[in-house]
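Heads up, the next two complexes both have chain A, just with different partners, chain B and then chain C.
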Partner chain A sequence: MSNLLEIKDLHVVYKTREEHVFALNGIHLELQKGETLGIVGETGAGKTTIALAVMQLLARTAVITSGSIQYDSQELIGASQRELQKVRGRKIAMIFQDPMTSLNPTMTVGAQVEEMVRAHDLENLSDLEIDKKVRKIFKAVEIHHRRRKEFPHNFSGGMKQRVVIAMALACSPELIIADEPTTALDVTVQSQVLRLMNDLKVKLNTSMIMITHDLGIVAKSCDRVAIMYAGEIVETGKLEEVFDKSLAHHPYTTGLFKAIPDLYSKCDRLVPIQGVASDPTDLPDGCNFSLRCNQCMDICREVDPIVNSYGNLKIKCHYLEQEYKGGNCDEQSTNRNKKT
Partner chain B sequence: MSKVLIETKKLKKYFKTPYGKLHAVDGIDLIIKEGTTLGIVGESGCGKSTLARTIIRLYKPTDGQIIFDGKDISKLSEPQLKETRKDMQMIFQDPYSSINPRMSVSQLIAEPIIINNIVQGKNNINQKVSQLMETVGLASRLKNAYPHELDGGRRQRIGVARALAVNPKFIICDEPVSALDVSIQAQILNLLMDLQKQFNLTYMFITHDMSVVKHISDEIMVMHLGECVEMAKTEKIFIKPIHPYSQALLSSIPVADLKMKDKPEIVLMGEITSPIEPMPGCRFRSRCQIGFACPGLDDNKLFEVESNHFVSCRNRVFNHYNISKKRQKTIVIRSAIINGAVSNIVIEGGKVRLIVNQETEFSKDLSMFEYEGRSVKYGELDELGRVLEHTVKSEICLNEEANLLVYQQNLLEGVFIKGQWFNSEQIQYKSAIEEQKKEFKTSQYY
Partner chain C sequence: MRGFIVRRLLLLLPTILAIIFIVFFVTSLTPGSPGRIILGPNAEQVNVDAINHELGFDKPFYARYVDYVINVFKGDLGKTYFTNKPVIDEIISRFPVTFNLAVYSLFFSCIIGIPLGVFSAVKQYSIIDYLGTTLAILLAVVPTFWFALVLILFFSLELKMLPSSGASSSLHYVMPVIVTALPAIASILRMTRTTMLETIRSDYVRTARAKGINENKVVWYHAFKNALLPVVTIIGMNFGFTIGGTVITESIFSLPGLGLLTINSIRNKDIPQVMGIVLFFSLLFLLIMLLIDILYAYLDPRIKATYDAKEETAIRKGTFFKRSIRRIKRLV
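What follows is the complex of A and B.
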């Protein structure tokens, strides 16, 4: 299967007068058709920056210093607004984190979905056809079409997120980027929304990038997982393998799993990851995780590790390299000049 | 057994809105023992934070009592409260907005010490601040740092230090870790648990994250629209939740374990009932699987199904005791105290069933039933030996003093006092009992 989305060696720096924030430091990602990729990481790891870079919606202060983003063999970096307009919404749609702020409070939800349909209407549909289409979309996200005339403030959080999903689906995109779609919702509502998204994904055969900090959501809805730390992907692999505790993992992945209180077994004490998240304005030499790593060696503080394959997992770590020498070296991420 | 530190009785807090009264907290009874943690879970808008703020008296309760350390604080005035407030503190959700960005770390921690006059003199205050910073794990070099220089975890440590500054007995943690990343969240949870051991603190821990609440709590109360729907020991509620809402809540937690991927999930349909002037009865009905066919629509009182396991769903209580659907329609359940233990009484048609909890020593009561020559028999005992049956066409009311009053056609038939049956003729103080009878009719539930 060919890759729908391919990100290669993507570097993004937020440049302000006072400081340079190294948000993404060499991201490699591939996404196949119909696949769901989960991106997990802490606040400030650069998850949302990836999403915005793909949509080419980065803030003005952000500079893509190197790398490429190819969607269906079309290069998105440097594409004209007109070309991007054809991709956004129609091919790639985004669901934002906070449904309370991503809807226009002065328009009825029906009008907002309709606007989306009209904006991307290529076939010059008649009003009646557009109405039909809107009704269909509302049905797909399980909102009664009578509620089209209501304003966002009449809706609960979960229902608002449904409207946002409806808008993302309006043009049946091939790829949906969901940036923490359920973080603002309650667990019971979250499970409703996740179920709805999964159903629609299967029905429409869309690919999805699910950005989240909750490993539980990833376990529920993703096929592949990428773990991010300080602007880098430290581990990628199939869901089953990343969650398999018997395999070797990046110390950060292991730490994340240990830090979550377990629902099904009794533990007296959690094992937190020591220290605080690395400062993206002042990343350490060598491995970005070296300051918090419990397996840190001398080499980690000096040389940036390369991505190696361990089975089907791709992990970026010196410790594993020493521990399992059989790993096949993957040349793609060597020789990077990080702080340019 | 450790002593009860905080207790609320029928605590209510209503807010006025243009559309009517919003029942934010509606008749909550809870007990927190010293040195333990009560976890409160529920979705946003169910009244968790209002409950916390009412207990700490940031809101004036509409009705009900708050008993803190043996003292009713629900009607105290502001100046009287000042003393009590030293003993109860709160850690807030958002460490970004709950501390003053213009104050340095040491100023922030010194503020409550100075206001409450905990120690006098600059040196003493400084010493106390350093001591507190060490307790919560803040490096002393951060003394003059400002909040914006610190990350969320460290800011929340300031919040913890500020709460600890006045040596409180009781701390309300209102979602203290939900704004933090998992790796930092674990640090704060560990800190809170260490502090509890060190200072014998009592916590009320509010969160919507079930895995966090399981980790930290001894007891859990599940709230739904201002009411407690289930309360039990943590292990019990996680192994066997009884109320349909708790079941849905527990089943919908995403678990970071692939073995649990295919666990059955209850997805709630429908929307939440409005908390403004809600209809009487069960407030969960619009989302419940049983729906309007539920026999318990008009009844949302708490029943004790097992010792210290309270559930408000009548249907589930019936199922727990294997009562058939047909019979459920004619049944009334009441919780009451019999011989000092809380029990459920089921009144069904003409028959009265006592459902006594396992822990209750009920053999004496039983013999009394028969001994008095009334048509009281050992009923069919259920497999646990808990259900008794006798045939009295009567209604039963209870209080602590006279254990059990039996009425027939509104006339008092007799009283159980300390396990002994007295016919109405035998009772000398009839009028007093009549008065009690009126009172009991209104207070059916203890």
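What follows is the complex of A and C.
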């Protein structure tokens, strides 16, 4: 099966007069049709930058220094505005982080959804048909169609996010990028919105990139997971395998899971990852995680590790390389090496 | 919404009373009596007193003030000292010139200032942006009277293209309109640029781009519409300033408008005329501000919602008088 979205060696730098922020440092990502990929990472890891790079909506200060983003074998980097306008909304739609600010306050929500429908209206629908379609979309996100005439300020946060989802779904896109769609919402509304998104995703068979820092959301809705740290993807794999504690993981992934309380075992204190996120303006020489890693070796401080496969997991780490590919590896990992 | 407008119109009343008081108080501080002003320094004191009595100047201050207020609400602003015509007639006959000047200059400053401001913001740090902002600063610092004189020197004396004084043809308006429009262009341009820079970076504009709609539509429909509020305020205020600023422009170009009338009446100490004009200007300014507030409601549904909410509570609670009556009834 061919990939719907393929990102290769993507580097993005935010350049300002004072400093250069290395937001993305060589991202490789693949997404297949109908698949949901979760991108997890802490604040500033570059999750949103990936999303905006795919949409080609990066801020003016951002420079894509190298790499390619291919959607359905169409290169998006350097594509003309007109080509991009055809991709945005119709093929790739985005759900933004903060529903409070991502709707135009001076337009009715109905008009905002309608605009999306009209922008990608290939069949020259009549006004009545468009109206019908908008109605249907509102029904799909469980908002009464009478509320179309209202303005965003009349809606609560959860309802606004539904409108944003309605807009994203309006043209039945092949790929939806959801950038922390539930961060601004409280927990009960969060689960409603997630359920809605999952239902619609299944119904329309769309692919999805779910960006979040909440591993619970990932567990609920994703097929595959990519763990990000300081502008790099340190680990990717199937959901079950990334969440499987018996397998070997990147120290960062292990750290993330240690920081989540376990319902079934008693524990007094959670183990946080030491230190703070690496400063993207001044990244270390070797592995970006070396400053915080509890398995850090000399080589980690000097040489940037490469991505290796461990079973179905792809992990970027020196420690695992030595542990499992070098001499003293256990049986389980040798088996895995044979497989790859 | 209608309730809001009615309420605002009623609120104009106390404001006007306050304005009349200030104007009346200040002008009554000026030395000299109307009789002396009308008849000149060499007239007999008896005749002066007779005229003062006729005009009610021998009455105490508060009585004169009350008389004046009553007359104003009857639509009578008194008679000028010199031509002995009703003040209101003078104002009405002069107003079209000033109004034309203000409207034309505002029109041109909008159609130049707004697009330039928008383009400067959309293409920030480009040549257009630098030119636009430099132009804005330049226009803002150049004094009107100096620029007017330069224009006259160049277009009237050197090129002999444009007439330097009078208002008999539309050509006469060209230079005055340019002079009054320039500072307005500067302020409208800067305000448009600032607010556009803000809105164009906002999340909903990014959402609009993510929809894949035309960039022009993103800029004008999504960004500009939201940036319009402060721009409308600036335009309204500029209208007020332009009308006030005509005092200088009109006297330089000898345009027979209200500005020139103001200068002449002050020079002649024609107090009823001065009071009338000041009152007229203030009223005009108040009405423009009211108009802007109403426009706000149409531009931003959130503001309309607050207006309507206030109306709702007002209806629920009843008016002040109804409430008072209800309270009194309860006591009895």
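As a working rule, the second predicted complex is superposed on the first by the 321 of 340 C-alpha atoms of A that agree within 3 Å, B and C clash if a C-alpha of one lies under 4 Å from a C-alpha of the other, contacts with A are read in each partner's own complex, and residues count from 1 in each chain.
In the analysis below, a contact is a pair of C-beta atoms (placed from the backbone, for glycine too) under 8 Å apart; a residue touches a chain by one contact, two chains touch by 3 or more.
No experiment lies behind these values; they were computed from the predicted model shown.
Annotation for the three-chain superposition on chain A: chain B and chain C fit side by side. By the document's definition of touching, of the two partners only chain C reaches A:87; chain B does not.
Once the two complexes are overlaid on the shared chain, A:8 sits clear of chain B and of chain C alike. In the superposition on chain A, A:239 makes contact with chain B only, while chain C stays out of contact range. Look at A:101: by the touch rule set out above, it reaches chain C but stays clear of chain B. Look at A:153: by the touch rule set out above, it reaches chain C but stays clear of chain B.
In the superposed three-chain model, the partner touching more residues of chain A is B, compared with the other of chain B and chain C. On the chain A superposition, the C-alpha centres give an angle at chain A of 80° between chain B and chain C, rounded to a multiple of 10. By the document's definition of touching, of the two partners only chain B reaches A:263; chain C does not. Touch criterion not met for A:135: it reaches neither chain B nor chain C.
For the pair chain B and chain C, the model built by superposing on chain A gives 6 Å as the shortest CA-CA distance.
Residues 55, 57, 60, 81, 84-90, 93-94, 96, 98, 101-107, 115-116, 119-120, 151, 153-154, 164, 167 of chain A touch chain C in their complex.
Chain B contributes residues 43-44, 151-154, 181-187, 189-190, 193, 208, 210-212, 214-215, 238, 248-249, 251-258, 260-261, 265, 267-269, 271-272 to its touches with chain A in the complex.
Of all residues in chain C, only 124, 202-204, 206-215, 222, 225-226, 299-302, 305 touch chain A in the complex they form. Residues of chain A that touch chain B in their complex: 42-43, 156-157, 159, 186-192, 194-195, 213-220, 239-240, 243-244, 255-264, 267, 269-273, 276-277.
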